[in-house]
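Shared chain: chain A. Partners: chain B in the first complex, chain C in the second.
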Partner chain A sequence: MKNIEVPALARVEGEGGLFIGLQDGKAVEIRLDIYEPPRFFEGFLTGRFLQEVPDITARICGICPVAYQMSSAFALENALGIKIHPQVRALRRLMYCGEYIESHALHIYMLQAPDLLGKESALELAAVAPDVVKNALRLKKIGNQLLKTIGGRSVHPVSVCIGGFYRWADKAKLQALLPDLEWGLQAALDTLKWSVTLPYPDLEIDYEFVALHHADEYAVIEGEILSSKGISLSTAEYESRYLEKHVRHSNALHGYTVDGGTYLVGPLARLNLNHEQLLPIARKAMEEANIQLPLKNPYKSLIARAVELVQAYEEAIELVKNYSPEGTSAVELKLKAGEGTGATEAPRGLLYHRYQIDDGGLVQFAKITPPTAQNLPRIEADLFELAPKIVSLPEAEATLTAEHLVRAYDPCISCATHFLKLKVEEK
Partner chain B sequence: MNPRKPSIAVYKFSSCDGCQLSLLNMEDELLDLAEAVDIAYFLEATRAARPGPYDIAIVEGSITTEHEVERIKEVRRDAKILIALGTCATSGGVQALRNFADHKVYASKVYEHPEFLHYLPTSTPIAEHVAVDLELWGCPVNKRQVLEIITALLNNRRPNLPQYSVCLECKRSGTVCVLVDKGIPCMGPATQAGCGAICPSNGRGCYGCFGPAKSTNVDSLVHILRNAERMPGETERLFRGISGNAPAFQMAAESFISKEKK
Partner chain C sequence: MTTVAVIGIGQSFRGDDAAGLEAIRLWESQFPETAHRSEVRVEASELPGLSLLDKLEDVDAAILVDAVQSLKEPGKIHILGESDLMSFASDSKSAHGWGVAETLRMMHLTQEKNPKILLIGIEVSQTEIGAAISQTVQAKLPEVCKIIQQTVLETLFA
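Here is the complex of A and B:
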């Protein structure tokens, strides 16, 4: 077979291409070309007042803006030594549930499932299975409604501030969503049952999984940074082990561990490390679906997303029922110079921020490490392992299998491109 | 009646994907829309891609590389109607903040070897490069407005988009003015309506993500905001925001700086 080449990847966030150079049935060159241009967020964050940061970092990604707002807010609150109100924490978790729901429903049904069902898109799928797609759209819509109720709109919501929220979300409006959320929980359970029946390509990888971990909850907004190698670090210690390397002939910073290893962040890592913290319905559903952990097949991250979709609906229902705002929605800020780190679990994986601010609250330094930048070396390494399995397939099928692998990661290319990668061929 | 469905192509330039996502977020309308039009090219949604020409091109994002300068010309050649979707496409977006700074400093903050990067020193709107038939502002765009544009084009009528400022949306929804009542700096008086005044209704000031409203007195707003400042530089930073490269906001920020220097 000739080389495998996909000039423009479809059904991923952002713009990228894929090239696999083959020789004697082996991959000799793998290139995940990300031609999404850099936008220099860390550059123009410098000099901004800290309260403007969540509005700016949201613009890194239209699919996971809440993740960016949350990591920024926690990092800057950490720099000021602020302790947020427990109801603020609960409302942030609820908001994050909204993002998981819309992002995971989008990825499961509209981005990845068409590959497993032999379709080009969910729209094409709708022609043969209209109810599946209609339910998928409703599942996604409920996540967006939750975001809109808390944040004013689902893409780049406006309610999160450093110290809390600009205003408490309306309790009655949130409770009015309960019937939809209950429907969504059932539909998510059906999604999970269906997800284990899909024909995933065979591929098992011995990953190092890295995710936030919290003893008392399925970690999304807070926790230690845990590796499947047993290494646990605080958020402030993240950079002591997880580095970004500027590779020669590549414009991307690649995530590596301090000893040069690759690692995986995202739904597979979270589920494998944190399944004991799942809520009862999600945990039972996972057992009933006979899902054996650890899941090591990257294509099966769809199953992990389906478990998390159940978890997000279950958690959202619990949080809405217990929502009881009182007092001011934001702590008053006492400005001082300092440094703070924040890490939360974006739907695609661990998202780390670090800021330095001066005594007037102006940002002096910003560092943002998105999940996709951490996963890029891992995607390439997976493609190397996949290549020998697909060389004997017809070209179209081989190409699709490789493309599907990249899509299964749910790469967020817009996010990763302040770590732009443009490999130059060196022969 | 022409039985052929109009073809639509959706493109992404430098952006966050959020405006394209507004198409996929039309959960109630998406399947009907896919019936009414022929989605011929939309990489975020489908692998199937048919070559142009297309009836309608919807473009998200701004122009920030030489490659994009060339690509947008091809998009224009292939389309009868070109719609610039969202504030990146209509003004250059948040990444246009580099236009007012030394981009080399920015690049060196992020990259060890900035000399490897390929980018233009500025981020510019689509209309600076090719003729644009219709601009829809918003960061992100309001999906109702996207639907209005597409419906209007399908029915051969002019889209009904508000020309007034965010202030009117506050008045209509009964939201008390945050600037008058609480002294919170708000760009609402100079910003185009369309978002539903979500920032004031969340108890905060508008930060202008729908761009400048037509025929508003920006100078007067600058004067008012300076008096409401809670910290030095607040007004300038407000105008140097998401829509900072829009000429009216750019002029406001610049007039402000020159006043400071006097």
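Here is the complex of A and C:
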């Protein structure tokens, strides 16, 4: 077989290509070429008033805008020493449930399932299994409705502010979503049962998993940064171990640990590290599906997403039932100079923000480390491990298996190509 | 009574790509007595894929207002029926790279009741990230508003 080359990856967010260089039946070069142009978000956050940051960072991604809002809000609240109201915290978790629902339903059914079912696209899947796709669309839509009810818009919501929310979400409107959420929980349970029956390619990787961890809840918006190597750091300590570097073939930075290793963030990492914190229905469903942890097959991140889809619906129902806003929806800001970090679990994995602000609340420095940037080197390393298994396959099948592996990560290339330092050398 | 969705499609930070969004805002402000009728739903869609699909539910007709690029002179107004739109299918395998045509295909495959579709397109001049709408396209928006108004009334009282 010649080299494996996919000039433009399909069913991923953003623009990138894949190159696997083969020599004597062995992979000698693997590149996930990220040619989507960088967007310099960190650059144009500088000089902005802190209250603008959640709405600007939300624009980094149309699939996970809440993640960007939440990480930035928590980071800037930490910079100001603000403690948010418990009801604000609950409403932020509920908003995040909406994002997990719409993002996971989209990835499971529209982006990865076609690979596992031998279909070219979700359209081809819909042609042979319209009811499956109808249910998927409804599952996703409920997540978007939840986002719209809390955030005013189903994409790029506008309600989150530093200190809380601009206004409380309407209680009656949230409760009106309960029948749909109950339907969604059942559909998510069916999704989980179905997910374990799919024919996943055989690949086991000995990953270092990294995710937020919280003793009392399935960590999404708060917690320590836990590694499966047993290393636990506070959010403020994140950059002491997790770094980024430039590589020649990518407009996205590549994440690595301080000792030069790769690590995995995302649903597999979360489930493997935090399964004991799952809510009762999700945990029971996982046990009944006989899912053996740790899951080490990257293709099976679909199963982890299916577990989290159940968890998100279950938690959303609980949070809606208990929602009782009182008082003001945001604490008053007392501006001061400072620095703050925030980390939350975007659907694709850990999303870290750090900001420095001056005493007028203007951003002096911004750093954003998205999950896909952390996973890119891991994807390339996975492809090296996959290569010996596919070199003897027909070229089309080998290419599809490699492309499927990239898609299983649900990489958000648009998010990852966020910053490029330009060094000009004059001779 | 016929129900109508008037949907502006585009990205607000990409120059003339925002023409559809701006056009429906202008139409809504100029013709509030039509835009605010109970049978009319006005929506903005910054993502033309699956989120547009949700907006096509539960209406008899949908009037899409979108920026188009067909190498004609900037500002040219196109009126396209659904069959015209289907011929623009990009055959994209991505659920993210979907345009209007793929969304309409998915609508036919998954929805039992499909609205009648009409697209009012505005030929773009430039779609750079961070750019404002070009003067050429901006100057055409009042004419687009009149076409939206006429089309909505014709649809409502057909």
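In this section, the second predicted complex is superposed on the first by the 412 of 427 C-alpha atoms of A that agree within 3 Å, B and C clash if a C-alpha of one lies under 4 Å from a C-alpha of the other, contacts with A are read in each partner's own complex, and residues count from 1 in each chain.
As a convention for this text, a residue touches a chain if its C-beta (ideal position, glycine included) is under 8 Å from a C-beta of that chain, and two chains touch if they have at least 3 such contacts.
Values in this document were obtained by computation on a predicted structure and should not be read as measured data.
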Quick one: chain B and chain C on chain A, clash or fit?
-> clash
Specify the partner with more touching residues on chain A, choosing between chain B and chain C.
-> B
In the overlay, answer first, second, both or neither for which of chain B and chain C A:E120 touches.
-> both
Go through the superposed model and pick first if A:P294 touches only chain B, second if only chain C, both, or neither.
-> neither
Could you say whether A:D55 touches chain B, chain C, both of them, or neither, answering first, second, both or neither?
-> first
Regarding the shared-chain residue A:K141, is it in contact with chain B (first), chain C (second), both, or neither?
-> both
Taking the superposition as given, does A:G152 touch the first partner, chain B, the second, chain C, both, or neither?
-> first
Check the residue A:P65 against both partner chains and state whether it touches chain B (first), chain C (second), both, or neither.
-> first
Between chain B (first) and chain C (second), which does A:G17 come into contact with in this model arrangement: first, second, both, or neither?
-> neither
Shared chain A surface residues [contacts with chain B and with chain C] = 10-14, 39, 59, 62-63, 106, 110, 120-123, 126, 130, 133-134, 137, 140-141, 144, 154-156
In the complex, the residues of chain B that touch chain A are 12, 14-22, 24-25, 27-28, 30-31, 34, 39, 43-49, 64-65, 67-68, 93-95, 97-98, 101, 103, 105-107, 109-113, 116-119, 123, 139-140, 195-196, 198-199, 201-204, 207, 209, 231, 233-234, 237, 241-242
Which bits of chain A are touching chain C when the two form their complex?
-> 10-14, 39, 59, 62-63, 106, 110-111, 120-123, 126-127, 130, 133-134, 137, 140-141, 144, 154-156
Can you name the residues of chain C that touch chain A in the complex?
-> 13, 46-47, 50-51, 53-54, 92-97, 102, 105-106, 109-110, 129
Tell me, which parts of chain A touch chain B in their complex?
-> 8-15, 35-40, 42-44, 46, 48-49, 52, 55-56, 59-63, 65, 102, 106, 110, 114, 120-124, 126, 130, 133-134, 137-138, 140-141, 144, 151-156, 158-159, 161, 166-167, 246, 250-251, 253, 360-361, 403, 414, 418-420, 422
